[in-house]
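What follows is chain A paired twice: with chain B in the first complex and chain C in the second.
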Partner chain A sequence: MAVISRGFHGRRPEPGRTLPPGQYETRDFPVLSAGPTPRVDRDRWQFTITTETGARHAWSWPDLMALPSESPTVDLHCVTKWSKFGTTWGGVSLDTLLADVETEAGYALVDSYGGYTTNLPLADLRGGRAWIAHTYDGADLAPEHGGPARLLVPHLYLWKSAKWVRGIRLLTRDEPGFWESAGYHSYGDPWREQRYQGD
Partner chain B sequence: MHDTDRAATGTAPPQDAPGGATDFLDGNALAGVLAELFAVDVTTATSRCAHCGSSGHLAALRVYGRAPGLVARCPHCSEVVLRLVRTPQDMWLDMRGCTALAVPMAPA
Partner chain C sequence: MPRWLTAALLERREETATASTLVLDVPGWPGHLPGQHVDVRLTAEDGYSTQRSYSLAAAPDGDRLELTVQRVPDGEVSPYLTGEFSVGDLVEVRGPVGGWFVWRPDEQKEPVLLVAGGSGIVPLMAMVRVRAAAGSRVPFRLVASVRGPADRLYGAELDRGSPGLDTTWIHTRTAPPGVVRAPGRLTAQDLADWGWPADFEPTVYVCGPTGFVETAAGLLVALGHHPARIRTERFGPSGG
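Entry: the complex of A and B
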């Protein structure tokens, strides 16, 4: 008789927690990476927002730490099909960082130390739904999870939450990022299972 | 991102995963998926990196596979040479980091 192990793919979420279609729950925190892990010194770290007119807003690490910090607890959904419930982060809301940025742009292209990019509508960075996260589970964000700081935009698949975030360019036209230019969906809503182009 | 950016922003040179374990495979990891596309084994082909100009076999690339696709990087400059993504309908092959590919062939 064949023995079929369902493995951890068969884990059911706890009552009250719902998985997006096609996802399974994991309790650990898998590390996915498309390249070497960048090591970014905080004393040379900088985050910038550049508007469609070229206006540049920059924050050093002390600048970021001086801004009000929030502690969102969110669920993560990776396009490789794992989901992780109830993760706790510390970071600065994009609403705070965008407060003094004048722009008519509709799109954002996020770029990272190490060369990664990802795109999303600017509206998805507003409304208390996105942060520049610098702590995870009460500790400094580890390099393998994107430290010293990563974008956290948990209502979209996790590839949108760029590790090692360096800056955001605000654009009037959508421009595909690293995975979006290689077959993945431009928006990436896990609840509509927008994994690939055409989904 | 290029090496000049890395130097300017304080990012250290590429490193392996914490603890010293490598987080990439060699380019032979491309063989299976490329065999779905090409009639010959292209891992023995020679490619030239569009970023640093160095040449070598595809088998010598560093392949990062714990990702939504396969990302093959130059062993010299670590820039992306090619990417492969398998969707339910298509195989996406991005070779923007490869300026030339010399494939060994039987004499014509």
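Entry: the complex of A and C
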């Protein structure tokens, strides 16, 4: 039987907006991170993809800028319960970055300037569902939101969209990242409310 | 993993004009570490439900939990929890959540610096209370930023103090009589004067609104604290 909070009415989301279970809508863009915001100079910025055989693919900031950019408009879902509808980003699709990467790996471990890591299946980085984002709302991505560039994988909880992204290691076995080692779900699908281990 | 548990309000304490501590009875609560938080689910008569996360404010005490809730103007949940929600009323809770922004008294013997902005003091107060309850000798310093003296959470308890805990209030708008520091936002000098020197290698916990945490963490790094020893927890102005 449901536990009712007597006298609680709450607010319903606007019609036409569907929220994943347990989420509420915010119009702000809250920030969540585990430590100080790293300051990453674009002149020294580099992004790498390293395969399971050790083959290394690297992009400098001008390299990234030279690649075709997309402008996805996506909904964000944070495990701390807020969702934000209709955010617009600019960035390079992982399909583009992975196009010349030969790999048999099934998993990816993403790492960031500042030491953050997060894991996800490699398939979730393909199919037009993931980007290395460098602009937000038409402007350069601010450091507190992950600038100069962050991973954007909006179909998973936002902790998977690693800020200050530095590289992706492709692995044949799944390896937990920072929050995944601290009790959070390995996959993190908001529509299945996979917040914590065992959900 | 954690199951939803039924929580009944045992007692409410007004902490400031806009913040209340809710004492909840949660049969089956598994215990927690200071700094962890809890998911709270509220369900209306018609079945609509929504969730929020709140920091745990007190040391583990059996089935008893304490949350301090800051009322967010125009919020969906906090005006209810700090208002109509009455002794005997129910919510559901799930947790504890979070394994990073925690202090582990059995393992951590280094000095601790706590830096709070506004109601960001709540999880830090849990660390202060666990330290006291454990009789720990680990040296603690707390630097807490508030608008004015009326906004101090847990002011009386912190004024009573605890051996080895130094508390400094930073007033951003209104300072009480006798305080020499002019009102203003937290500065590097404040952290140099009232925090630990970086070469003591303290673990630093910073909690508050995003802007405060961005600023404080940046000042701490500039003062020489290694980023890996600075743990942050931020909350946006959203939701409530």
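A few comments on the model shown:
Here, the second predicted complex is superposed on the first by the 187 of 199 C-alpha atoms of A that agree within 3 Å, B and C clash if a C-alpha of one lies under 4 Å from a C-alpha of the other, contacts with A are read in each partner's own complex, and residues count from 1 in each chain.
The definition used in the following text is that a residue touches a chain if its C-beta (ideal position, glycine included) is under 8 Å from a C-beta of that chain, and two chains touch if they have at least 3 such contacts.
Bear in mind that the values here come from a model prediction, so they are computed numbers and not experimental data.
Once the two complexes are laid over each other on the shared chain, residue contacts for A:A58 go to neither chain B nor chain C.
Touch criterion met: A:R27 reaches chain C, while chain B stays clear of it. In the superposition on chain A, A:W82 makes contact with chain C only, not with chain B. In the superposition on chain A, no contact is made by A:A66 with either chain B or chain C. When the shared chain is aligned, chain B comes close enough to touch A:W159, but chain C does not.
By the touch criterion stated above, A:R44 is placed in contact with chain B alone, chain C being left untouched.
In the superposition on chain A, A:G115 contacts both chain B and chain C. Look at A:A182: by the touch rule set out above, it reaches both chain B and chain C. According to the touch criterion, the shared surface of chain A, contacted by chain B in one complex and chain C in the other, consists of residues 30-38, 80, 114-115, 144, 179, 181-183, 195-198.
Touching chain B in their complex are the following residues of chain A: 30-41, 43-46, 79-80, 111-115, 142-144, 159, 166, 179, 181-184, 195-198. Of all residues in chain B, those touching chain A in their complex are 1-2, 5-6, 9-12, 14-18, 23-24, 64, 66-69, 71, 73, 78-80, 83, 85, 87-90, 92, 94. Against chain A, in their complex, chain C makes its touches with residues 1-2, 6, 39, 41-45, 47-53, 76-77, 80, 84-86, 89-92, 97-101, 210, 213-214, 217-218, 220-221, 227-228, 230-232, 234-239. Interface residues of chain A facing chain C in the complex, by the touch rule stated above, are 2-12, 22-24, 26-38, 80-82, 114-115, 144, 178-179, 181-183, 195-199.
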